[in-house]
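Several structures are given next for inspection.
What follows is a pair of complexes built around subunit A, which joins subunit B in one and subunit C in the other.
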Partner chain A sequence: MFGYTFYWSLVWDAIPELLAGAWLTVQLAALSMLLGTVFGLPLAVARRQGEGRAYRLATAWVELARNTPTLFQIYMMYFGLGALGIQISSYWAVLIALTFNNTGYLAEIFRGGLAGIARQQLAAARSLGLNQRQGYLHVVFPQLLRIVFPGYVTQAVWAMLNTSLGMLVGLQELSGAAQSAQSVSFRSFEFFLITALIYYVIAKLIEFGARAVFWRWLRT
Partner chain B sequence: MNKTVLVMAMALAAGQSWAASTLDTVVQAKVLRCGVMLDSPPSGYRTADNQPAGYDVAYCDDLAKALGARAEIVETPSPDRIPALVSNRIDVLVASTTNSTARGLSVAFSQPYLSVPIAVLTREGSGIRGWDDLKGHALGGVTGTTTEQFLKMAIGSWKVPSTHYVGYGNDNDSYVALEQGKVDAILLSVPVSTLLIRSGQFPHLQLAGMAPMPPDLLAIAVKRGDTEFLNWTRLFVWNQVASGRYKTLYNQYFAPGDAPSLSIGGVDY
Partner chain C sequence: MIDIRGVRKHFGNIEILKGIDLDVNKGELLCLLGASGSGKSTLLQCINGLEPIQGGSIKVDGIEVHAASTDLNMLRQRLGIVFQQFNAFPHLKAWENVALAPRLVQGKSRREAHEIALHHLAHVGLAEKADLLPSRLSGGQQQRLAIARALAMKPTYMLFDEVTSALDPELVGEVLDTMRLLRQEGMTMVVVTHDITFARNSSDRVAFLHQGTVAEIGTVSQVLGQPRSEHTQKFLRREHC
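Entry: the complex of A and B
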């Protein structure tokens, strides 16, 4: 109808490479979300203080991570550091840049969640003999997860989709693998349609997985 | 019901636009949308005031002139070249494209319009003096290029585990990666390499002999089903050589003297 005949067999031949790329995508998304959570929680707490050195550092991080393109952050990690003589591989450049990016967004998601938890709870925890850190870990954060859950899952999907930018610094994640596989014959439509489908399936798996986790552990 | 009519109308419109040859649409519209790589001097680059220039750009202007049209230069980085043609963003591709059979599944190629030898480009201090020294090094290239495929095949046959390959999104990124030391060598045409070294932008790059592959025969590509325009393009390439314009352009952008032969002995194209 549009003068284009689809050659699906070329894609089937490349499925192992595409799946290897998909695995790298999932791995990068999971690691960058995990690290983003670990860094994002203290940043959110620091942002809530509203003053001090930690607050300023956290604010700078959040501002920079959220107001510059992810692509720029990846390029800075790869070519920017390279210009300073610091060589890191495509994998680490993407992981560090995505972690930086996720941390910024997650910190704001967490801060929003913290706003929904009465400050008196922390004081109450202190009065029961918990120190500040224990108060956050055992009283505030467990409630926080429930509040921020939808935003958190959205960010996880974003992180997964953002890994596709790794292609531009030579990383063979799902997009890179697809680009590389289609680039022999340039039967691009076939390859990118299947690749989009794989992204969709991964995103749906994250969504359904999250729903199951919420149902099982976080339902009130 | 309405949907069916809409779909049928779209099919009809699409079918009709396809039926007309690019030859006719260009002559009527008086504009030839021409895909060129602009990060590949001297074939395609931007002048100081950001205007497209180079051998391929001049070739596009000639093509357009012969059709009574003006050339609209569309920048297509290496991996975008063939998709740009397939998705109808350009009418013709004059972008140093090697005429591989795999690519022939997606677009139709004219006979060669330029021939360039391929060299090993490396960085001072990498210890690479020639092709055989590439084993064990980090090597780079641009995704989807024929030099990439040649290099990957060679790496596969060497079976030296520490050799690895990184494919970048465009030519410029591969030069930067080489200059910065992310990779130790890339394969690049001799004229482009020479210009890069002379440009002063990449002070540490140097040539390390030739790659053991035949000269890269570059062809013009048109949409796969458009036989009429392909025939005309072939005629045009023949005329460029016959009229001496090929030699003039070669002398202007590449080197003085005779322009390289565009045929291979022992076989017709």
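Entry: the complex of A and C
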């Protein structure tokens, strides 16, 4: 009724490129979440101390990561470092920037969760002879992941969607691949519809996958 | 032997312990009595180094607990402690709760640690609960789990911090029975409690703490039978009415 005729065949032809882009998207999301978790946990512990050098470093990280645009963080890694003579690929720029971003958000999610775990849990672990690191790794963090799980999954979906910014530094992740494909055919509407659908499916897979993981391993 | 000399402890400006002198002899059960805030629980936490002290000394088998050179993680294997809040690790099954420290601290294999765990769970009467998560256990069972978890490190001393205070009355008995069992087996125990009956029937000696000092220490018949300190007398009168 708007006089637009859909041509889908061009989209089907580009499906391999789109799926390759989707794979890159999933990869970046997974890696940046994994690294964000590894950095975010100690950052959250440092934030809870409320003083000292580790606290100030953690606070600066969290403030910068959460209060500047993600796109800007990616630009800093790609163009900013480039201006300083440090050339890194768009893949690494996006991975580092998203890790930086995720770490900031996850640290705050974890910090909230830590407040929900009795201090005595760590004391009980230490009283058995576990050192500080063992106490956190085996007693506090496993409980923490259960408490913050819903927020954690939201962040994972958000991280996945954020990878689309990679397009702006020339990365051929899902959005980049779609952008390239539509630029030769000009069937933008079809390409963007299908691309949005793929993002939606990935987001749902993260959600259901997370639910399965929780049900299988994290119930108490 | 635990040798406590002139121990001082304060949180900010509030002085909790004002020079505590106390011995705990091998094989005895020493009860620490006293009103809330008298410093009993804090003293226990100082004995195994969970809380730092600001003065005096605590020696366990001749080792200075609060010396910088002391490996507290090693020392704590000699000192089991059970808390008022059971502090079961909620994400681990009962046997995993008990097996955690033997695996991580003593380097036991998973199978060895599993055997150790089952042995100690049976000891406190929880053999059938080994595969349950703590949330499926009653308060009394969780507290016995905490005792089994501490025993798994083969401690020389067991410290009990008001372990029945958070329990429903009908669950207190099973925990006290477990403690009596340990006593019969010759475990050295320091028990912080409000339970005068337990102190009277089960301890070798009783110490009465008042506002951060030891007001009185002696045998059960001395301290509970003919208390000399007016603080002890007052406390006993109040607890009995």
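Convention: the second predicted complex is superposed on the first by the 220 of 220 C-alpha atoms of A that agree within 3 Å, B and C clash if a C-alpha of one lies under 4 Å from a C-alpha of the other, contacts with A are read in each partner's own complex, and residues count from 1 in each chain.
Heads up, the rule we're going with is that a contact is a pair of C-beta atoms (placed from the backbone, for glycine too) under 8 Å apart; a residue touches a chain by one contact, two chains touch by 3 or more.
Keep in mind that this is a model prediction, so the values were computed, not measured.
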item	value
Which superposed partner A:118 touches (first subunit B, second subunit C, both, neither)	second
Superposition-derived comparison: subunit B or subunit C, residues of subunit A touched	B
Partner chain(s) touched by A:195 [first = subunit B, second = subunit C, both, neither]	neither
Partner chain(s) touched by A:99 [first = subunit B, second = subunit C, both, neither]	neither
Touched partner set for A:184, first subunit B, second subunit C, both or neither	first
Subunit B versus subunit C as contact partner of A:138, first or second or both or neither	second
Which of subunit B and subunit C A:155 touches, first, second, both or neither	neither
First (subunit B), second (subunit C), both or neither touched by A:164	neither
Partner chain in contact with A:127 - subunit B first, subunit C second, else both or neither	second
Common ground on subunit A, meaning residues reached by subunit C in one complex and by subunit B in the other	none
Contacting residues of subunit C [partner subunit A, same complex]	45, 48, 50, 73-74, 76-77, 79-81, 83, 85, 87, 89-91, 100-101, 104-105, 133, 135, 146, 149-150, 153
In the complex with subunit B, residue positions of subunit A that touch it	1-4, 7, 78-79, 82-83, 87, 90, 167-170, 176, 179-180, 182-189
Of subunit A, residues touching subunit C in the complex	118, 120-121, 123-131, 134, 138-139, 142-143, 146, 218, 220
Of all residues in subunit B, those that touch subunit A in their complex	11, 14-15, 18, 79, 82-83, 86, 100, 102-103, 105-107, 140, 143-144, 148-149, 166-169, 173, 176-177, 180-182, 223, 225
